[in-house]
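So, here come the structures, one by one.
The two complexes that follow have chain A in common; it is paired with chain B in the first and with chain C in the second.
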Partner chain A sequence: MKRLTAFALTLMLMAASLAARAELTIEITQGVDNPTPIAVVPFAWQGAGSSPTDIASVVDGDLNRSGQFAPVGRADMLGLPSTEAEIFYRDWRAINTEYLVIGRVSVAGEMRIEYELFDVLRQTRVHGGVVTGPVNEARMLAHQVSDAVYEKLTGIPGAFATRMLYVSVTRVPGGNDYYRLTLADSDGARPIVLLESREPVLAPSWSPDGRQIAYVSFESSRPAIYRQELATGRREQLTSFKGLNGSPAWSPDGNTMAMVLSKDGSPDIYLMNLASKRLTRITNHYAIDTEPTWMPDGKSLLFTSDRGGRPQIYRYDLRSGNTERVTFEGTYNARARVAQDGRNMVLVHQRDGSFHIALLDLVTNRLHVLTSTQLDESPSIAPNGSMVLYATKYAEQGILAAVSVDGGVKFRLPAREGDVREPAWSPYMRR
Partner chain B sequence: MQYISKALVAGGLVILTGPLCLMGHAQSYVDVEAERAAAQSSAASDTSTSADSGTTAPPDPYSVQPAQSYPATSYGVGSAPAATPMGGTTAPGAAPAAAQGGQNLGNLFYQLQQLQQEVMRLNGKVEEQANELRVLKEQSLQRYVDLDKRISGGAGAAAGSAASASASSGGSGNTTITMPPASSGSGVAEQPGEGEAYRAAYALVRGQQFDSAVQAFQKFLQDYPAGKYAPNAHYWLGELYLVVEPQDLESSRQAFMLLLSEYPGNSKAPDAMYKLGKVYFLKGNREKSREYMDRVISDYGSSNSSAVKLARDFIAENY
Partner chain C sequence: MKQLPVAGKLITVLFTAAFLVACSGSDTKEEDEAAAAAASAAAARQAQEAAAAEAAAKQKALDDAAAAVGSVFYFDFDSYNLRPDAIDALNAHIAALQGNERTVRLEGHTDERGTREYNMALGERRANAVRDFMVANGIASYRIETVSYGEERPVAYGSGESNWVQNRRVELK
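On to the complex of A and B.
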């Protein structure tokens, strides 16, 4: 924990002044019972001066945050090898390390990171690779190293080289609150404010290629849906109908956006063709239909509706036009998000008066409650399906937290100030 | 919710006529986003959906939004504010119109609202019951498949006697324990306490506590060596020695043999003979096994004992 805090402090110094206020830190609250000990040796810097970014500490932090690994502290390392020839396996066995990651960093125009993974017990090289990219993306390159190491050791692709959106609210006495829509790396580092407003900003969501985002902003005194290009910041107002304009959700092919509008009466789900801007209404019910989300195959949508008297998740089949109820356990199930496998669905589930994040297996119809906190909302699932990011309350503060889909690993990302909510985990970033 | 109620109070009479009040009423759960939006929009557009009535609403103090001097600024990842809009959709402005319906209309809306709530509630019930029905169907199919498997696995062992309850054993493959009806008619009177002891021992078999059951039946035979249920106890011991870990073929053989020699006329004799054949087979003595199987058929072929069919099947399968 001490290392992480130090690490976070370094980050804060590095972060731009605009962004420093939205900085998140990480507190791991629960890991697996026997995390695998792994040593990430500081990568050798092959250039003038000292390395601009400590690649190994980013990898170290990623593996630690997964809860499945217990990184070895640098003070405990008996040597700092950067090539295979420099490795003395007995040094690492002596401190009970099972795996070893070493690497070398050089810059020639762009940054080049070579890394190698060794099995200490078998004394063999398990994997090695090279990632290259712009120097100012050094942290993202380090996350790519983490992804590769994680996949080699767990068989599951890593999702460290991804980003997230969240909304932070800074309360100002007198009622002039600030709302900031922030983009950050999946570890909360490098926050960038994308939108700053005195009016609420809500429901950020990602385009499937990770290049654009959509959100709801009240800046024009009524809710409106905007989409914004990440690279340029240019944006477009998609809707501003009277009544609700909410919950934008990009279709998996990126051509259509599902949204909630109440322009024709009660809130219903509409699809907007993003090229022609033509709207198609897909639900028509006097009950409230809201929070649409797409199944990964794009053939159906899930949404929350109280057409059965209590909010439950329903599925709308785009081809047949049929709507069927999906959730039956409990009296409140809302805001579904589905993993890329199309099988694991996360949602907000009420049990004993508290709102928890739960996982519903769409094949077996078994529901597992993942969290034990009380006011959990807005679950967002990692592109590799391993972790769920959600918003909750901790010590009277709105914070983000994460839990693994098996409930075994938990961590919190408290903000330094203000409330943080509505996280949206990005898809895999295409480079 | 307090936003909504504020807006509703501000709406005055319009509350009863505007469809938004339905929304407000049904809105007890909607997410923060919807709540905020409803609060804002109900203040801004003030239940203007009932434009068809053609009358003008009383001015709503909340409909005037305080102008926000602080403009929202969007940034790219390079954190430079972007001023140029991406495209050009303009939103249609909301026509400010509202209804001033009469009391009748108000009542009508109230009733409609009640009906909608009621239909929603019933809708939920139907959905849940349809789901329960689906689950029950799946379960009953599953049960049928299980039962079918067990019956065919026991090669019809349970088919003969209606009173039999079968419990397949854990350790020894296809062995099926068939409960023989507690035989009477042997002329032996039940001794005091005998029935209870027998039933207690049998309960252990039902509970699959086979080791304890063996001890219970051994104790039973010590206490009531000539009891009414002694043949049954011998039979059960024979069965149990086959399913305990480790399997005790010799004890099983002796138990069945004892039953056959001491109580040749007992109703369990055919089953015991069949089992004896099986025990010999398990011991590797195919000749002896076949001998007993043939005897089951020749001695009891005319009876309706299920052992005869079992013996035929056994021969067909193994010889």
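On to the complex of A and C.
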């Protein structure tokens, strides 16, 4: 265990220098028809020198990325108020701004951000608040401001102050490729490489409290499931059985991990009690059973199986032990993920030979195809249920992309180099 | 060769001396028999060496034949059935593995279409299909290790059937 820790640490240090190259950028490709114009005025810095982080620009970027807002450019702003008294509403009406965000930033040990939201047409203060935290978490604090503004204006909690995991691969012609597991903010900023290997790394997933991750690594020349603590880098090998060791998925209470093992013959779904490491086999079928995921209430699991001839989604009820088929439209439905509401399920759906991300409403049983590219996979839904991150191919490069659950907003997160895949959107981070 | 300790050396010398004393009284008949035994032993050794050389040559021929057919076996889309060309190639490898205890590793792969974990399972089915064929043809299962890489290790990186067809494979190593 000690040796493993040292190993993981070495990898992390080695990887730190590579972080900059792994950074993703954002290109919005589709927004809603009439996005709400909003001005995020540069926040006043109440300290010596200049502000270490441009808080307003992070908030501006978040709101823009949501596709529901059209931020006003700074060059168009006729004034830069930082207090209510400094606001001249006619200046903002003149450039058709509907909402205004202003704020003040100070540092006394911790960073303190005060922000206020105004309705320009009604000329009223809608909301205000304060976020505090370590200076080196300034971007995360800014995302918290975005979350509050977003919630006030849409009624839906924001999910900007979250993070994501993804796997990137750098091809080495004639040799083994480089695989990297990266942790980044939800906007792709501040990437940290958690693991670098010449052997495949895949299936990253989050513990429900956002403090631990699990993944599959082939570093021993065979697949093995690991879990790793983000704060310390300490990690533990959970399985390394003969055959498949894949698809680790934490239960909502954090005590159990669902996974795929083929040690007893064909790939089946198992549950591991994370305290005792005891395994319980919950499917027993000669077909492929894989890609388990939990329903938010923890009472049942969804998984992919080709027991009916083609891959489809099935649901296993933990109490009754019954299995029922969930998807019926099309000949390939796989790798489901369910929103926190327990209603919206996203999955990979094949239509006319192409693989798309689709949303199945588990109440109405209606399937909506959300994407139009050809090789879309690995959908991961935001903790607020609004957006779906997924992997696709664009110009022969593997990239991440996102689409809103109503299909109206789309953006891409191209990387400067390598193929990026398998995004895993974090849960809300406990503070 | 490990060196004998001094006491051991001494014992060896004493035994040799005792043997020489015991043999000194032997007649010519015994000498003839000893010579004949030595000659037949030499002949047997020669025959053994010749057989070994022949076996080595035969093994080399089998290895060459196996190398000639290649060690990559291809599959149709979403299928794990062995194709006729794969069976011919596999038979050459099976022949080269008879009569020795060499071990092999079978790595199953898929193309990029479909989900990663499902492809991981499909790659395993392909590796298992090759393993099962080898076991059915006399190769002990403990000599065969299988591992699936799914779509993680493509040979051809681009999209389209011309690339995909190269990636749907089992590699024997």
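By our rule, the second predicted complex is superposed on the first by the 414 of 431 C-alpha atoms of A that agree within 3 Å, B and C clash if a C-alpha of one lies under 4 Å from a C-alpha of the other, contacts with A are read in each partner's own complex, and residues count from 1 in each chain.
FYI, contacts are C-beta pairs under 8 Å (C-beta built on N, C-alpha and C of every residue); 3 or more make two chains touch, one makes a residue touch a chain.
The shown structure was predicted, so the numbers you read here are calculated from the model rather than taken from an experiment.
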Touching partner for A:Arg171 - first (chain B), second (chain C), both, neither: second
Partner chain(s) touched by A:Arg122 [first = chain B, second = chain C, both, neither]: neither
Which superposed partner A:Leu375 touches (first chain B, second chain C, both, neither): second
Partner chain in contact with A:Ser247 - chain B first, chain C second, else both or neither: both
Which of chain B and chain C A:Lys393 touches, first, second, both or neither: second
Chain A: partner with more touched residues, chain B or chain C: B
Touched partner set for A:Phe328, first chain B, second chain C, both or neither: first
Contacts of A:Phe355 with chain B and chain C, given as first, second, both or neither: second
Shared contact residues on chain A - chain B and chain C: 200, 202-203, 218, 221-223, 243-244, 246-247, 260, 262, 267, 288, 290-291, 306, 311, 332, 334-335, 377
Chain B-touching residues of chain A, taken from the complex the two chains share: 16, 18-19, 176, 183, 192-203, 216-219, 221-224, 226-247, 260, 262, 265-267, 277, 286-288, 290-291, 306-312, 325, 328, 332, 334-335, 377
Residue numbers on chain C that touch chain A, as the complex places them: 112-118, 120-122, 124-125, 146-150, 152-153, 157-159
Footprint of chain C on chain A - complex, ascending: 171, 177, 200, 202-203, 218, 221-223, 243-244, 246-247, 260, 262, 267, 288, 290-291, 304, 306, 311, 332, 334-335, 348, 350, 355, 374-375, 377-378, 393, 396, 421-422
Touch list for chain B against partner chain A, complex: 19-20, 22-23, 26-27, 29-34, 36-38, 40-41, 44-45, 48-49, 65, 68, 70-82, 84-87, 89, 91-92, 94, 116-117, 120-121, 123-125, 127-128, 131
